[in-house]
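You will see two complexes here that share subunit A, one where it goes with subunit B and one where it goes with subunit C.
Up next is the complex of A and B:
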C-alpha cells in the first residue's frame, strides 16, 4: 500500500504557486469567445418552438405560414428525428431529441431555420401546432401515486437508491435524544450570466459541433446515441462556458442544432435567450427530506434514517444525490438512507454544484445541530465528535447497489501488481473536517463569540446577530461512467501541450492542469498550453463535473506527462548520457540533467533531445506523446474533499432581512495546486451557497408548472457586494496519496458548508429554524409562527 | 414632434426603462424623441424657497449633489440604492418619474416632500403635485404632446424640513418590494407644521396619507414618541392596497409598509434633532 507522504506537495516550482490563470488577459480584454460569440461562414439561425402546455402530444404541425417569412429555410419536427434515447452525464437527461410529446411548459417541440435570428423567431411564432392535452403532475408526492399521469415510458419513479449500514433498530434503542425532520427544498437555478449557443456544421457525413460545454466527450457520446452515427464522425469543439455549475454539459438544444443542420443542409446556430437558459434547460431538483436522527446523552450519534425525494422534472433520470454527508458523519454506526428520483411535468432537473450536499446534506446538518442543542454541546465540538478523519470507514460501501458492485468489477479487471500501491479501499485516505474545524474556530474566535444555541451574539432594537458553522464533503470525481483520460504531447521545440477535455467553466482547470504538467516535465508554465474542448484531439474525459477535474483528470494529465518524461529521458540517456539508467536523469527548467551533477554536469535542452529522436527514427517521429500507463485506483472508495465555514449574520426580526457580516472558509482539498484559483472556487461556492440559503428559488406557476421568475430581476442572485468583502479562505493541505502532487477535488464541499453555516447562524440569531431559501418573508413568518406557538 | 406623430412617438431619456419595455414589447414606438442632449433640462438649482431638479438630471448627478442641501443628501442616498453605478449614469430623474413604476425609488420621496412636477407643452408650462402626477402603472399626468420639464421641491420659509426613505430589498441590485418615505417640517416654534408621507409598491400609484399626516401635525417636536410615530404609521398603512406577486405577498407588503413608514418617520424626527422615547 502507498505510504502517506505528507510532504508530497511541498517545495515545488510551479504547483503551489498563485500564478495567473491562462485566460486572464483574454477575459479582461473581452477577446475570449464563448459559444454565443462564435460564427461560421454561411451559417443560418435556428429557433426552437416550445411547448405552451405542461403535458401534451402534437396532433398536427402546419408550417405553411412560417414558409412565407422571408428568409425561412426549413423546419425540424419529430418526424425527422431518429427515435433513439440519448443520455447526458449522470442521467441529467434521458429521452429522445424530439418525440412529439411536450413534458413541461417550454419543452422542445420542433425547430425552424432561417437566414437571420429575427426571421427564425418570426417563423417559429407562425408554425401552427395542435396539441392533445394530457394530464399533468407537478408535485413529487402526487407523481408517485398509483394512477398519476405518466410522464415517461419507464414510469415516474426510479428504483430507490439506498445506503444502509449497521442496524437502525439498535441505533434507535441506544439514542437518548432524537429529532425528526420534514424539509422541502425549492429549486435553485444555475442562473448563468453567460448564455449558450450551439453551432452544428455537417461536412459530408461528419458533423462539427461548436458550443460551450463542460463535458465535450459526453456531448459527443450523446450525439452518437441520438443519431446512431459512429463517434469517429462527430467532432465537438467545446468553447469556454463561463460559470456553468453543471448547466452546460450536453443539452438537448445541442442535439436539435445537429439535426436541424442536417435537415436544412447548412451550418445552423441556435442561441438561447436568457429566459430559455433559465426555464427550458435544467435546474437543481426540488427535494424533500423526511427522517430522524438520534444521539446519546454525550452527543454521540447512534443512527440516521432518511427518506429523500428528488424531482427530476421532465427528462432527468437520476436516482441518487450526494450521499457524501453519509460519509462525513460516518462515526455513527447505524444508518439507512433511501433516495427516490421522481419525474414531474416541470423543466428537467439535474446536477448542480453540490448536488445533494446542498439539500440532503443541509438536512443532516440541521438535525445534527438540533441534537447538539438538545445535548448542550456547541456545533464545532459536535462535529469533531461525529465526523470522520483519515483512516475511518466510508459508509457508502454499504450502498445497496451500484457502488460496491461497480467497484468490485473495476477492481477485478486490474491485475494484482498494479493494485499494490493503491490506498486501502473504502477507508478515507486523507483529510477530514477535524483539522478544518480546529483551525477555523481558532481563527474565527469561535469560543469567544459563541453565546450558546439560539442565542444572538448581539441584539439591538430589531437587529439580532448570530454565528454559525457548517461542514460539507464531496467525492473527487467518480469512475463509474468511464476513466477520465488526458494526453500530453511534447513538441519539437520542447514545449508541451496537454489535451484534456474538461471544458473551461471559469474554474481555472485550463491553468491548473497545465501547472501539473509543467511541474512534472520541469517546464515553466508558459511553455505548456492546453486544449480543453476538441474531442478530435483529446481522449475521452468525464469533463468538469463531480469535483473531478483537479483530481481525476489531474491524475491523468500527470501520468501522461510522466509517460512523456520517461520517453524523453530514455532517448536522452542513450544519446547524451552514455547509456546511463534513465532513472538517474531528471528534468529541470526545460533541460535534461543528471541527478548527480558530479557524474554528469551537462544540461541538454529538450529540443535537442527531440531533434535526436527525429534522426533516430528516420524522421518518422518528431514529437513525443504520452498517456497514462496504469489504471487509476477507484477513488470514489477513498478520496473526499472537505469544507468547514464560519459565518456571522444579522437578521432584522421586523422585516426578515438577512445580511451576511462575516465569513471564514476553511478547505481541505489536499495540496493546493494554485492558491488563487482555489480561493476563487471557495469564495464563489460560499456566495452561491449563501444565495441558496437566503434568496434563490425558482417560482413555478401552480397550474402549469411554468417558471415565473425566469429573469435575473426576480431570480435573486447574490452580488459581490452582498457578501463580506473581507471573507477569508484558509487551507489545510493533507496531501492525497493518489491525486497529482497530493491534490484532491474542491468545487462542491464548500457550497454545502456555506449553506449549513448560514442556516445555523440565522437560527442562533433568532431562535427558530427557517426553511430555505430564508427570504425576508419566510423569516418573518417563521418568527411569527414561533411566537404564536408560545402564546 | 410628439404632437405630430401622436401615440407612436415616445421620449427617450436615459433609455434604461425604454430598452426593456421595447424588448418585452410593452411599447412599440415608431418615433423616439431623443432628449439626451437637451442640456437645459439637466440642472439642480438650490434656491431659498425651493430645490429645482431638471428632468434630464442623471441619477449619478443627483447622487453627487449630496453636499449642496440636506434634502439633496436624502435624494442622493436614495439614488445609491437604485440600479447599478453604470446604469445610474444613463438613467434620469425625469425618466424615473415618467416611467411611473409603483416601486420606483424617487417617487415616494417626491410625494412625501410635496414636490411639484412642471410639465411643458405647446401652450407653455403647467404644474401638478407629485401625488397627482402618477395616474396608474406606467401612466402619468403628462399628455402625449407634453414632456416633464422639472421637479420642484418646496422649502419652508419659517422652519426646516427633513425627510427619509426606507425600502425592503433583497440583494444590492433590486427593485423595492415595498417602500415608504416621510418628510417632516418643524416650525421655528418647535411645532411640527407639516408631515408628508409617500407609500410605494402597495398600489398602482404612489399613495399619500393625509389623515396620518394630520395625526402628527401640530405636535411639538419634543413631545414625539416612538409610540406616536408607530400610531401614525399604522394609520398611513391602512391606505395600502398591496397585491401578491413573485416578489412578495400582499400580506408581507401590508405589514412592511407600516414598518418602513415608522422607520422613515423616526429618521426624519431624529434628523430634526428630536429625541425619541
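Up next is the complex of A and C:
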C-alpha cells in the first residue's frame, strides 16, 4: 500500500514554480493559430444547411438552384453518409452524421461546398428541402411520458444511473430535521470566445483533419466510427481553441467536413459562426433535482435521497452526472440517488465544466445549508462535520451500474506485484475540504464576519450584504473510456519532446505536462517541447476532459519520462560509469551524474550519452523513446480534487441587482505544478460559476425549442468590473500518492464551489433562496413571494 | 485596389465594398491577430486602433478605413521586443486561451494613453468592453497596471 507522503512535490526545480506558459508570446502577439486561422491550398468552403423545425424528416432535397450559384461545387446529403452511429466522449453525442431527420431547430441536415464562404452561404440558402413535420417535445417531464414523441430509436430515456448505500429508511428514522427540494436549472451556454473551424483534406484513402479540439484521440475515434475506416487512415491535428469548457471535443460539424471533402474531392473548411457555436453544437443540460435530506439535532447528516433529471437535447446520451458532489458529503451513512438522462427536441446537451457538480451539487449544498440553518450551525462547521477527508470511504462504489464490478474487472489482469503500491481503492487517497475550510475561513475572517443564517452583514436602505461559503469536488479523470497514454522522446542533442494528445484550451497543459517531464529528466523547461494535437505522433489519450489532464496524462507523461531516464542511465552506466548499477546514477541539469560524487565525480551530457548509443547501434538509433511501463491504478476509485470558496455579495432588494464584492478561492489539487497557471484557472472557474449563479441562461422559444439568445449581445457574461479584481487563490497541497509529483486534477471543483458560495451569500443577504440564475427579476420575485407568504 | 495604412505601412486590399475591416485584415493581409468571435461589436476580440481610437473591426467596412492609420496587435512589438503591455500580459499571465488577448491589449493601449496612471478599479471598468470567457479578469487588471508601470518607467528614462 502506498504511503501517504506529505513531502512529495517539495523542493523541486521545475514543478511548483510559476513559470510563464510556453505559448505566452504567441498569445500576446496574436500569432498563435486556432482552427479558424488555418487553411490549406486549394481548399473550398463548406456551409451546413440547418433544420428550421424542431422535429422533421426530409422528404425531398432539390439543389438545382444552388447549383447555379457561381462557385458551387457540391452537396452532401444523408444519402451520401454511412448510416453508422458515432459517439463523442462521455456520450456527448450519439447518432449518425446525417440521417435525414432533424431533432432540433438548427440541427445539421446537409452541407454544400463552394469556392468562397459567401458562395457557400448563398448556395446553402437556395437548397430547397421539403420536410414531413413530426411531433416535438421540449420538456423533460413530457418527454419521458408514455406516448411522448420519440426522438431516438433507443427511446427518450436512458436507464437510470444510481448509487445507494446504507438504508435510507434507517437514515430517515434517525433524522431530527429534514428538508426537501424541487429545483430546476436552466441551461448554461459555453458561449465560446473564439469560433471553431474544421478543415478536412483527403489524400487517397487517408484523411487529415485540422480543427480546435480538447480530445484529439476521441475525435479520431469518432471519424473511425462514423465512416467505418481504419484508425490508421485518420490523422487529426488538433489546434489550440478559444474558451471551450468541454464544447470543442469531437463535434458533428467536424464529421460533416470530412464527408463533404470526400464527396467533392477537395479539401473543405467549415467555419461555424457565433450563432452556430451557441445554438447548434451543445450546451449544459437543463436539470431538475427533487429530493430530501435529514440530519440529527447535532447536525450530522443521516440520509440523502435524490431523483435528478438531465435533458440531453437531441443527441446527448448521458446518464451519469454528479456522483462526486454526493461523495463529498459521504460521512452520511445512508443514501439513494438516481439520475435520469432524457432526450428532448432541443440542441444537444453535454458535459460543460463541472457537469452535475454545478447543478445536483448546488442542490445538495442548498439542502445542507437549510439543514444547518435549522440546527443553528454555521455553514463552515456543518461542512467540516459532514464532508469526507483522506481515508474515508467513497460512496460511488455502491453504484447500480456496478462500478466496483467494473473496477474488479479492470484490475483482474494486473499482476499483484504491480498493484502493491496502489492506494486503497474506494477510499479517498488524499485531501478533503476540511483543511480548505479551516484555512479559508481564517483568511476570509469568517468568524468575525458571520452574523448568522439569513442575516445580512450590512444593511443600508435597499442594500443588503451577505457572505457565503461553498464547496465542490470532482474526479481527476476517469479510466473507463481508455487509459491515457503519453510518449517522451529524447533527441540526439539531449532535448526532449512529449507527445500527449490533450487540449490547449487555455488551461496550460502545453506547459505543465512539459514541466512534469522536465522535472523527471532533470532538464530546464526550455529543453522540453510538446506535441499535443497530432494523433499520428501521440498515443491514444482521453484528452482534456473530466479534469484528467494533469492527473492521468501527467502520470503517463512522467512514467514515459521515467522510461527514458531508465534507458539513458543504463547506457551511461555501461559506457561512462564503469558498469555501476544504473540506480546509482541520476540526472541533473541535462547531465548524468553519480548520486555519490565521491565515487564518480564526472558529469556526462545527455547528448554525449546519446552519441554513444548511436555509435554502438551503428546509427540505427539516435534517440530514446519512452512509454509508461506499468498500469495506472483506477483513480476514479480514490482520487478527488476539492475547492472551497468564500464570497461576499451585495443585493439591492428594490432592483434585485447582485454585485460580487469579495471572493476567496481555496483549492486542493495536491501538488501545484504551476501556481500561476492554476490560480488563473481557479479564478476563471469562480467567474464562470458566478455567471451561472447570477446571469447566464439560455432562453428557448416555447413553441419550437429554438434558442432565442444565441449571441453575446443577448446572452450576458460577466465583464472585468463585475468580479472583484483582488480575489485571491490559496492552495492546500496535500500530495497525491499516484499523481505526478503529488498533483491531482483542478478544473471542475472550483466552479461548483463558487456557485454554492454565491447562492448562499445571496440567501444570507436577503433571507430567501433564489433559483439560479439569480437575475434581478428572480431576486425581486423571490423577495415578493416571501413577503406574500408572511402577509 | 484600396490603399490602407496598417501598422505604419501602406497596404492594398480589394475594392469590394461588402466586407468588414476585420475580414480584410485577416484574409487579405494575413493579420490573424485580429480575432473575430461575436461579429456584432460585443466581445471586443477584433479591437484595433483607428487613428488611435479603439474600434471593433468586425463592425467597420474595410472601405471606411481608407486614409486612416490602423494599428493591429501585429504593430505593437518592435521586432522581438514586446510592447510593455504585451510583456506585462506575459508576466502576469493576463489570459488563458488567448483568443481575446490581442483585443484586450489594444484596448489597454488606448486606455492607458488616456489614463496613464490608473487605479485598479479604473482598469477593471476600462477593460469591460472586452469579454474574456476564460475569466482571467483579475490577472488582466494586474497586467494592465504592470504595463502602465512599464510605460511610465520608459517615459521617465527617456526624460
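In this text, the second predicted complex is superposed on the first by the 790 of 791 C-alpha atoms of A that agree within 3 Å, B and C clash if a C-alpha of one lies under 4 Å from a C-alpha of the other, contacts with A are read in each partner's own complex, and residues count from 1 in each chain.
Just so we're on the same page, contacts are C-beta pairs under 8 Å (C-beta built on N, C-alpha and C of every residue); 3 or more make two chains touch, one makes a residue touch a chain.
No experiment lies behind these values; they were computed from the predicted model shown.
Participant: Quick check on the superposed pair: does A:142 touch subunit B, subunit C, both, or neither? Answer first, second, both or neither.
Facilitator: In the superposition, A:142 contacts neither subunit B nor subunit C.
Participant: Which partner does A:67 reach: the first (subunit B), the second (subunit C), both, or neither?
Facilitator: Neither subunit B nor subunit C is touched by A:67.
Participant: Regarding the shared-chain residue A:721, is it in contact with subunit B (first), subunit C (second), both, or neither?
Facilitator: Touch status of A:721: both partners.
Participant: Which holds for A:713: it touches subunit B only (first), subunit C only (second), both, or neither?
Facilitator: Both: A:713 reaches subunit B and subunit C.
Participant: If you count the residues of subunit A that each partner touches, which comes out higher, subunit B or subunit C?
Facilitator: C
Participant: In the superposed arrangement, which partner chain does A:775 touch: subunit B (first), subunit C (second), both, or neither?
Facilitator: After superposition on chain A, A:775 lies in contact with subunit B alone.
Participant: When the two structures are overlaid on chain A, which partner does A:699 contact: first (subunit B), second (subunit C), both, or neither?
Facilitator: It touches subunit B, and subunit C stays clear.
Participant: Is A:654 touching the first partner subunit B, the second partner subunit C, both, or neither of them?
Facilitator: The first partner, subunit B, only.
Participant: Hey, what residues of subunit A end up touching subunit B and subunit C alike?
Facilitator: Touching subunit B and subunit C on subunit A: residues 713, 717-719, 721-722.
Participant: Quick check on the complex: what are the subunit B residues that touch subunit A?
Facilitator: 168, 170-175, 177, 246-249, 252, 255-256, 259
Participant: Touching residues of subunit C toward subunit A in the complex: what are they?
Facilitator: Touching subunit A: residues 31-40, 42-43, 45, 72-74, 76-77, 82, 86-87, 89-91, 93, 95-102, 105, 120-121, 123-125, 127-128, 130-142 of subunit C.
Participant: Within the complex, which stretch of subunit A touches subunit B?
Facilitator: Touch list, subunit A to subunit B: 654-655, 657, 695, 699, 708-709, 713-714, 716-719, 721-722, 775-777, 780.
Participant: Using the touch definition from the top, list the residues of subunit A that touch subunit C in their complex.
Facilitator: Against subunit C, subunit A makes touches at 20-21, 23-34, 36-37, 191-195, 240-244, 273-274, 505-508, 676-677, 679-681, 683-688, 711-713, 717-727.
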